[in-house]
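For reference, chains read A, B and C in written order, and residue numbers begin at 1 within each chain.
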Amino acid sequence: MLESDAASEAEAALFLRCYGRGLMAEFLQQFVNGLAVGGIYALIALGYTMVYGVLKLINFAHGDLFTIGAYLGLTLLTSFGLADRVGPGVAVLLLVVMVMGFVAVIGIILERVAYRPLRNSPRLSAVVSALGASIFFQNAVMLIYGARFRVYPQNLLPKISLNLLGIYIPLVKILVLVVCVIMMVGLYLFIQRTTIGTAIRAAAIDQEAARLVGINVDGVITLVFIIGPALGGLAGLMVGILYGQIKFTMGWIYGLKAFTAAILGGIGNIPGAMLGGLILGVVEALGSAYISIAWKDAIAFCVLILILVVKPTGLLGERVAEKV
Amino acid sequence: MALLSVQRLTKSFGGLLAVHNVSFDVFSGEIVGIIGPNGAGKTTVFNLITGIYKPDQGEIVFDQHSIVGKAPHDIVKLGIARTFQTIRLFSNLSVLENVMAGAHCRMSSGVLGAMLRLPGQRREEREKIEEAMELLGLVGLQDFYDYLAGSLSYGNQRLLEIARALATHPRLLILDEPAGGMNERETEELIKLIGKIRDKGVTVLLIEHDMNVVMKICERIVVLEYGSTIAEGTPEEIQSNPKVIEAYLGTDEDE
Amino acid sequence: MKFNRKRFYLAAVPIFFLVPLILNPYWVDVLNSIGLYALLGLSLNLIVGYAGLFNLGHAAFYAVGAYTSAILNTTYHIPILLLLPVAGLAAGIFALIVARPIIHLRGDYLCIVTIGVGEIVRIALINDVFGITGGANGIFGIARPRIFGMVIRTPHQFFYLIWLFVAITVFLFYRLEDSRVGRALNYIREDEVAAEACGINVAHYKLISFVVGATWAGMAGNIFAAKMTIISPESFSFWESVLMFTLIILGGAGSIEGVLLGAFLIIGLPEIFRELSNARMLFFGAAMIAMMIFRPEGLIPPVPKKYRVFSGTDRGETT
């Protein structure tokens, strides 16, 4: 009797260990997935939060800048055959630089045309203008590239997976995560440690006062519209590489989620946007794995509404002075 | 029994102690003035009384009921109306409509009444429009009734704000620097107007920098400095109070 | 512009109601679409134009009304027209529940939350929440309206149903505009703090604008369901909310005439320029930006109200 009890006990223990490890591995897998997607949300969120911090404007067109980045990468890879000309490694580097640069330029144009003339107009005007810009960009992309899914060439990066902590993580995901972290850390240091970064923070707190102490606020705004869109474009490129498929409507859903992330972290708060993006990515990944994948998008919106109702200043607090 | 009793009122904003242990009473029919240097907390006291802020400590009793924690619109219904230091009119609406805003809380028709034009609703509208015109007559703006409020002169805008506040049928009218930006003639008219308002049975509590106005019409004066009361009394007492003189050396009118 | 409202309507309305007699069904159907969007615009105008709240999720209320009608009609065979007030009530209650916790939010935040609400409703509809919404395929087989035994089926017949409803709505909303409630909403839009300080319960009236606006959108949804006989989540997307929002802004937020004009332009113009159909969205987006820069108040902005006053012995009367 005792013998078989001990044996079945040992069996049960082994089973639990494997099952537990399986559960753990599953959890870690989703967690890492969430981090990768969260990093992308974070990059996009940074664009929203920086623009909102300085202009108090929700740049509805930001998600479409993200889309433009993705499609531009596509063009460079397919029509331009970048990878064939210079080899995959260099191609990726060039892609990043060119996409970020191009989208930054579009960002500057966007600011000049759609937002600068409305600096002194009521908020509603800027909101409508932003919506108009979003519609314009989205449909321009659709006209140029068509309404169906477009596929990214899959031969860009080696399709290997690394085995960490018992789970298999594709190299691509690790690279995405690494790039995101580098960008975020870089931006954080830039904002906190450089003079220009301080100028941006000053303009975000009080534009008038910043002007009065000699900060070139127009220049700061232009800079914000370079950095934000550049990061957004990069995120678009990474989505294309990571998921292989892009559609002209992707800016809408990614944009809204990134905006949720920015709000979650505290709109106007740069570390907040990073944190918010990562958290949202993980919550979404875990939620869609353990609850239901159909409601994945709804999770982000529920998070959004919950935050705005319960703690609108976000996790790290809104970096905007509230006028009493 | 005081109409309004403010007791040990205290309010901080972050690290800044704006109002500290302020207490005073206002009796029915009085005209009481609050004076003090800039930043003394006068407007904060008004904001506390009218419910825009909640006090950290202290009590505000109006007509023997505590009003701490009540919403601003409820406090108006109870009978306290105010004007703002920086004028807050509805600039893009007509003068008459601005006064009608005050009448809102003394009317009762809702969505259905509006859509169906029930007899009660129509009568209410007529009556309130007439009443609003009377109030405009009281402040001397009846000829401007269909002008855009934003197009009035500064002094007239202040008068309009007073008319709007009166439309709420207040027992206590709180005026925040009503003479701000007025010239001598306008100020004299304002003094007469405040007297008329008091004669109609409305108690007046006002903040003012113009010592001329304060000394002429206030029966009692409360002096604040750095958030605390430093003196209270009649105009004569205040004028000769050394603490007041030290804190607040009369005012030269800035042009 | 000097615009005598009464004379305009007296002249235009009869002509307008005779127009379908000379148009082919396609264009009558366009007018029907315009009518529905006019209803939606007017209902959203209460929220955006009068109260000044940014609502970019109005399609959710439209959907609640449409789906309530569709479900009750196809399940219990209740005549669709009878469900008109039910649809409105459902949408109104939904708005009350949803708006109550968010009504105090600052402009931009409220905007985002309304977008979120609209999306959640759409996702819920696609996911067949409670098993009654039919998922992505929606609900079909909705009955046609019957009035005194006559079935309303053709575009011409729907024209009169829809535009009669529009006419009633316009009539009632003019009255609402010129009333205590309408004024309260305007005060809130102009300066919330001052309105509160005048004794207006700002939160309450903001809610009223949402609930009444939602109720009307719900009723529009009922008519839409009856007209299409099939409804699916696609018709209630964010894009629809943007369309309603934009037509108000371009036409003139806060002015009933502006909203009507906006509906005609937003729906009518793309129809006229069908050939350029692909590029028209491009123009739409560019037009929005341009309008905000050059004419933000819209094509027909609201004009300050004129009051009839009797001052003392001078019984002056203004129109």
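Please note the rule applied: contacts are C-beta pairs under 8 Å (C-beta built on N, C-alpha and C of every residue); 3 or more make two chains touch, one makes a residue touch a chain.
These are the chains along with the protein names UniProt gives them: C = Branched-chain amino acid ABC transporter permease.
All figures in this text were calculated on a predicted structure; none of them were measured in a lab.
S.K.: Which chain has its C-alpha centre closest to the mean of all protein C-alpha atoms shown?
M.R.: Answer for the innermost chain: C.
S.K.: Centre to centre, using CA atoms, which chain is the farthest one from subunit B?
M.R.: Taking each chain's C-alpha mean as its centre, the farthest from subunit B is A.
S.K.: Distance from the CA centroid of subunit A to that of subunit B, rounded to the nearest Å?
M.R.: One centre to the other, that is 51 Å.
S.K.: Report the inter-chain centroid distance for subunit B and subunit C in whole angstrom, where each centroid is the mean of the CA atoms.
M.R.: 40
S.K.: Using mean CA coordinates as chain centres, what's the gap between subunit A and subunit C in Å?
M.R.: Roughly 35 Å, centre to centre.
S.K.: Residues of subunit C touching subunit A in their complex?
M.R.: Against subunit A, subunit C makes touches at 52, 54, 101-102, 105-109, 111-113, 115-117, 119-120, 123-124, 126-127, 238, 242, 245-246, 249, 253, 278-279, 281-282, 284-289, 291-293, 296.
S.K.: Provide the residue numbers of subunit B that touch subunit C in the complex, in ascending order.
M.R.: Within the complex, subunit B touches subunit C at residues 50, 52, 71-73, 76-77, 81-82, 84, 88-94, 96-97, 100-102, 104-105, 107, 109-111, 113-117, 121, 124-125, 129-130, 133, 137, 142, 145-146, 148, 164-165, 168.
S.K.: Over in the complex, which subunit A residues touch subunit C? Could you list them?
M.R.: 56, 58, 113-114, 117-118, 121-129, 131-140, 143, 252, 256, 259, 263, 294-295, 297-298, 301-302, 304-305, 308-309, 312
S.K.: Of all residues in subunit C, which touch subunit B in the complex?
M.R.: 172, 175-176, 178-184, 186-187, 190-191, 193-202, 208, 212, 304-312, 318
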